[in-house]
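Next come two complexes built around subunit A: one with subunit B, the other with subunit C.
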Partner chain A sequence: MEKLVVIGAGMASGRLLEHLFDAAPGAFEVTLFNAEPRGNYNRIMLSPVLSGEKSYAEIVTHDDDWYAQHGVTCRFGERVVNIDRDRKIVVGENGEVPYDRLVIATGSDAFIIPCPGHDLPGVIAYRDLDDTNKMIDTCGKPGARAVVIGGGLLGLEAAAGLRLRGMDVTVLHLSGHLMERQLDAAAGYLLRADLERRGITVMTEASTKAVRGTDAVEAVELEDGTMLPADLVVMAVGIRPSVAVAKAAGLTVNRAINVDAQMRTSDDSIYAVGECVEFAGQLFGLVAPLYDQAKVLAATLLGDDAAFMPKQLSTKLKVTGCDLFSAGDFAEGPGREDIVFRDPARGIYKRLVIEDDRLVGAVMYGDTADGNWFFGLIKDETDISDMRESLIFGPAYQGGSSVDPMAAVAALPADAEICGCNGVCKGQIVEAIEGGATDLGAVRATTKASASCGTCTGLVEQVLAATLGDDFTLPTAQPVCGCTDLSHEDVRRLIKSQELKSQPAVWQELGWSTPNGCHVCRPAINYYLLADWPVEYKDDPQSRFVNERKHANIQKDGTFSVVPRMWGGITSASELRAIADVADKYDVPTVKVTGGQRIDLLGVKGEDLPAMWADLNAAGMVSGHAYSKGLRTVKTCVGTDHCRFGTQDSTGLGIRLEKYLWGSWTPHKVKLAVSGCPRNCAEATCKDVGIICVDSGFEVGVGGAAGMDLKETEPLVKVATEDEAVEWTVASIQLYREHAKYLDRAYKWVGKVGLDWVRETLSDDVERKALVERFDLSQTIYRTDPWAEHTPRESASRFAPLTDLTLEAAE
Partner chain B sequence: METILDTAEQTFIEVAEVWVPEGDRLTLANGAYGPHEAFAEASRQESFAKGEGLPGRAWSEERPVVLKEFDGSYFKRTEAAKAVGLTAAVAVPVFAGSKLKAVLVVLCADDAVRTGAIEVWAEKDGVLALNDGYYGAATHFEWVSQHTQFPRGQGLPGGVWSAQTPILMRDLGSGYRFIRSESAGKAGLTTGLGLPIPVPGGDSFVLTLLSAKGTPIARRFEIWDARAAKAGAPGTAKLIDGICEREGPLWDAENAGNEKTAKAWSGPIGRVLGTGVPTTQTGAGANGYQMMVALPIHRGGELAHIVAWYC
Partner chain C sequence: MSWIDLGAIEDVPLRGARVVKTPVGCVALFRTAEAEVFATSNTCAHRNGPLSEGIVHDRKVTCPLHNWVWSLETGEAQGADEGQIATYPVMVENGRILIEGDSVRKRNAA
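And then the complex of A and B:
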């Protein structure tokens, strides 16, 4: 009988032994070493053991009886010291064992972040039953808190288990969304929401600086200084193949033990299987390829032909109630097409990625029933061109006619619920329509359908259309873009009412038909989010037009213009000298005075921008934001300081306003002016907000324009003091920020909502002050100089010449 | 592993019955009465209007109701129950959206040794607190439970509440933060089945069945997933978890995606799938056990899960 020694009693070697004993019972005399003091158990089911939803006894794959029945000599709890290849001996801690053939199945070790404190008691990896039991023991301590580092599969399963056992749990994840290797941002958003519903705190873009504690773990410190108290730290950031024994034995080891397709190492008598192997440059961490390897190795050992070939993999998360599925490659790329289905009410997101008429990737959350079918299409590289239209609906729809949403709505029974918020069924809506409610507003007023969250608006309209036939015409409100049926106004309302605070939240909860929006909707949504949730939402530069990304206006020849801010149009000799120096130093071809009382340096090369900004910063100047949908300029006349007609300090008020408002983002650009008397030298009556100083105080007007349209401001209010003028101005801009459609100038917005409503709203003292407070809060985040944030060294590459100038400019 | 021959031990639940709305009254659809034929006969003669008796109370109050003392209560079959030693009952309404599908009533016999727990947890101020419960002889555990609250995601009740899905816990007695868990361990309560009980309106209820080895609530538990989003098609359910004294684990990680499947109208689980109404079985339908109860859980008006227990 051949002597077979196996090092490691994990799932791969366990499956290998099953195959061997099935195919050739008695062919091998097996000795099985395992560093753990137990045999093979289903390691991937440790998470439900941690959570209490399975018992260890249930996950044992091979018990003592099984090993005895197959004559396996078990050397459990004994580490292998070395392999003597010349003598064909494995040396264990308790003695030597000769082999004819040897299988190395040492698996992997957890990667421990080598940060300060990583070796404190209480910091554990999550690899085996002992780790699991340590976690369970810690859960028994009153008030115990856990920090799980790593928001991948293992980390999240650990977090859910610890939470179920009663711990306060925080998950730290370096990337922008959870499980970024398996999920896109949309599915990551839903997963995060699911975990947060379980009381788990999730922190993304969180980098661990150190584990703190004296005799044991006490806290985790993040790079940003945040300190998270912890009694247990679980490191679940990745694995490293366990190759020390193989390496010491002189086998070829790269990142792991190199094997050929028959699982043979560089020594003909030694084989390797599982997480410790590297095949064709690949490492393996999921169980499916490990089982394939075991099957191939069994055949090899028995002298049969077999070759290991890596296959596509799919992922599932074992957290009860979190239903996700991911397979294949779902990165965006040229030539790839997305099919997206979202059902916000049910928390469902499905995305298929198609390339060359083949399904190459699938991500699903909430509805994973068809996961295996899609996985089959990916593995088999099936041509899906014939079923493209209905592919996302799964196998049940294939072979039938394409899905007509109108037909689907018409076929709904009368008791089918249309509006989940208010519990309104189709029958009630039809009854209302037949009773004379023939448009959306009337149905809403009669039945309350779509009156709350509004996401069923499209469905209600379809019921209207199905009931009224040709008598129904869809309302004229234009959708934001092709990604959604919702109008800008609807989106703004829903972002507020549903408290949507991230782009993935908007895409999912409002049922976007694309994975991440498009070049039309993304700038708008980015603006709405930062305007409504200045603290919670982080501005996304990638969702901005090129001018705002570059902090400069791109010109038609690909160069840029640079405009330093001059508060209220006031400058000084030193500022002018600095501007002249910059113009000389960077060979600026054109220097122009603008209509907004600024100096524009035109023809600047992209790569010079950061250095030029640094020079202007050094001279005390900041960005004039001449490129932004935000506050541009406050133009002033000289007022009482110099002019004999001046009635108030118009220059002082202009400077005060500009210093208050600068840096703020608005739906479109905002220009102000303050004139010191009704002669209006600062041309205040054609600005978004214009103030005319008079003997009795200040006349504040809004909604002026002097561009494609020419329009005089409309009088908003007359106030006696400068403080009041500032308060009304700021409040009116905040009202515009909170309610206007993106890319509507203030005059268009006032035209839509009516000056009376603006005046009435702002006349409410409480509301006016609240608007100012919200503006102030936003300014704590956004009143910053973008130039100063870009030091020359770190950002020069970002401003290198553009090769693609086709991006649509904002203006 | 124990065999069916061990079932001479007394079980915690003696009787289970299903009442369904017929017009404006609840009538008996089926029941498993064991040896209590007299009580069965009394039940067959009975029907309940909304608000009347225990089933009618669960209907009108739209929540699970625990009744630990029949004497002087609204329980209508007190004499018949007392005659066969039944002393406490729990009524669980089964709603699909706002529609009452049935009321499941389980009855227990009280004595000094029978340990187990049937609990109703309800959300109050953002946490789950004990609404009521029947604990048999586990009096200390009852007291501790009355003083325990579960935040979202924590413990069996909090886990069920946040996941909105039934959960079967294997070892309630150790490694949890809650003092209740220690007490459960001392009382011998090892296995816990928790299930969400949806009711009209916004209230959240979680029902738990906690089983002790000596007087088990069940010897076999099953959780079936009937959501089309998981099972693949309406009228289908997959056995996603379970344990059985005779067969061991009823799940198989190696076989994920190909779990045992039930089809509408075929077998007891299929009957629940087809009707959306609970069922009780004895004899062949109980898989060799004395009694089987299958309880559907609806979500958003649709059948989402079925839990079954056999004793």
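And then the complex of A and C:
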């Protein structure tokens, strides 16, 4: 009998032995090494064991009887020390075993992040039954907390299982969304929402700095300094083929053990199978190709012809209860088109990727019933041009149905707030409609919905249309862009009332028709999110116009202009000297004094920006935000300091306001001015907010403009003290930030909602102070100098070319 | 075909772009998804705007100067505008971005 030694009793080698014993019982005398002190079990089912849905006994594939019946000598719990190829002997910890043929099936090891504290007790991987048992033991401790590092399939399975056992679980993920290799951002958002509903905390873009603790794990520290208390840390950041033994034996090993299509290694009598194998540059982690390999290797060992061929793969992922499917190539390669379907009401997202009239990839969330049908189309490379229109609805709908444009509003729950001013929910509006209020006027009269600032009018009309059906003709509101049927006002309202806190959340819940918006909606949505959720939402530079991304104004020749801030238009000899120096140093062709009382350096090359900012920062100057939809300038006159007519310290008030407001983002640019007397030298009456100082106090006006339209400010309030003037100014800007449509200047917004409503809202002492508080909260995050955030070295990598191929060509 | 390594995929921001200087002029390298890149001329055919500074959405870019929208796949102007920009073959392999070398070499150099 031929002596066959197998190293590793995992799923691949288990399947191999089954094939061998089936096809040629008694052909081999088998010795099976396994480092784990047990035989082959279904590793994929460890998750149900962790969650308590299954026991270990239920997932055992080969028990002691099976091994005995097939005459397998089991050396479980024994590591292989080395392979002596000359003598054809495997050296185990407990002695040598000769072989005629050897199969290496060592699988893979979990990758442990080599951060400080990674070796503390309580830090584990999630690979085998021992890990699973350790997790289960920790769950027994009341109030135990787990941190799972890695938001891939394995990490999420671990998190879901631990949560089911009652642990407090946080998942840390390095990338922007979960399972970024298998899912796109929208599906990642739905998965996250599902997990959060189950009480799992998810932190994306979270980088682990260290594991802290003295005798055992106590906390995980993130790069940003956050400390997460933990009794258990599960590292699930990836796996690495386990190749140490093969490498030491001198076999050819690249990323894993190289094999040919017959699963033969570089040594004719040694074979390899499973996760430790590399074939044609590919590694294998899913069970289907491993079983294919096992079948091929069985044939090879028995002298039959067989060749391993990697196949197109689909993943139907089961993160206990979340339905996900991804197949084919949904992200990579040119020449492709997307079909996107979203049903916010049922939490469904589907995306198909088409190339040359063939389906090449599919991602689905929430409803994966048609997954195999789509997978079939991908595998068979079926020409789908005839069913393209209705393809996304699946096999049952060939022939078609159309998407309801009002789906997003129809999907809202009854307690979704529609009118923020008067606190009216969808349910109340529907009730009023059913009670006979069948037009906008009647709904307003009975519920007060949209009766105040009016920005929710579009939504109220949509509720009317959704409730009354054909009996109500929807007036055509201007949608944000081609990606949605909702207007800006509708989107703003829904972001607030539905607590949508990310762009994928908006795209999904409001039924966007494109994968990730367009140049019209992305900057608007980015603004709405950061204005409404300053703490939770993270500003997305890729959704900003170039000027706001480069902190400088792009000019028609692609150069930029740089404007440092001059608080209230006041500067000094040393600041002017520093400006003159950078103008010389960077060959600035044009230096101009602006209308906002500061100095513009025009014609700066993009790659010089970071160094120039650093020089201006060193001289004590910060960005003037002359490029932003945000606070630009506060223009002042010299007030009581020098002017014989001045009534108040207009310069001081201007500087105070500018230092208070700078860095804030607004729907459009915001310019202020403070004049020291009614002669109005600072031209305050054509600004977004203009203050005129008089003997008895301060006159605050809003809604002025001197651009495309020329408009005088309208008087908002007259107050006695400077503090009150500041409070009213800040509150009015916050009201504008919270309510206006993106790219509406303040005067346009005031024109829409009416000065009376603005004044009435701000006159409420409690509301006015609350507005200031919300502005202050936002400023804790945004009152920073964007120039100072770029060290010249770091930003060289963003502002300079990636590569210069002209240099190579010259050589 | 010869492929030239340009850098790691992470060096290009997601839904962003970087410039590559080549003998045929500046090429804009766009990253539209985790592992999806496109390369086109960096120069808008309308008024020479730097396309690498535009907003990237789906497989398109919008020029920052006058909002012309270009397909990154075909180089065709989208919507009502008409025009064409050059595109270059690129691919991602093992996390590296590669560009087809002949496409960015000067034609008359040989």
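Observations
As a convention for this text, the second predicted complex is superposed on the first by the 717 of 811 C-alpha atoms of A that agree within 3 Å, B and C clash if a C-alpha of one lies under 4 Å from a C-alpha of the other, contacts with A are read in each partner's own complex, and residues count from 1 in each chain.
Criterion: a residue touches a chain if its C-beta (ideal position, glycine included) is under 8 Å from a C-beta of that chain, and two chains touch if they have at least 3 such contacts.
From a predicted model like this one, the values you see are computed outputs, not experimental measurements.
Once the two complexes are laid over each other on the shared chain, residue contacts for A:P541 go to subunit C alone; subunit B is not touched. In the overlay built on the shared chain, the residue A:D184 is in contact with subunit C alone; subunit B does not reach it.
When the two structures are aligned on the shared chain, A:P25 is found in touch with neither subunit B nor subunit C.
When the two complexes are overlaid on their common chain A, residue A:D367 makes contact with subunit B while staying clear of subunit C. Of the two partner chains placed by superposition, A:P116 touches none, neither subunit B nor subunit C.
Touch criterion met: A:M45 reaches subunit B, while subunit C stays clear of it. In the superposed model, A:G558 makes contact with subunit C only, not with subunit B. Residue ranges of subunit A in contact with subunit B, taken from their complex: 42, 44-45, 51-55, 58-59, 136-137, 139-144, 160, 163-167, 197-200, 316, 320-323, 346, 348, 366-372, 396, 417, 420, 423. Across the interface of their complex, subunit A is touched by residues 4, 6-7, 11-16, 18-23, 26, 29, 33-36, 38, 47-50, 53-60, 62, 64-65, 67, 69, 72-73, 89-92, 104-106, 109 of subunit C. Across the interface of their complex, subunit A is touched by residues 97-98, 151-155, 158-159, 162-165, 167-172, 174-178, 181, 227-233, 241, 243, 248-249, 251, 253, 256-257, 300-301 of subunit B.
Residues 175-176, 180-181, 184, 331-336, 338, 514-519, 522-523, 541-547, 549-550, 554, 556-558, 606, 797-798, 801-806, 808-809 of subunit A are the ones touching subunit C in the complex.
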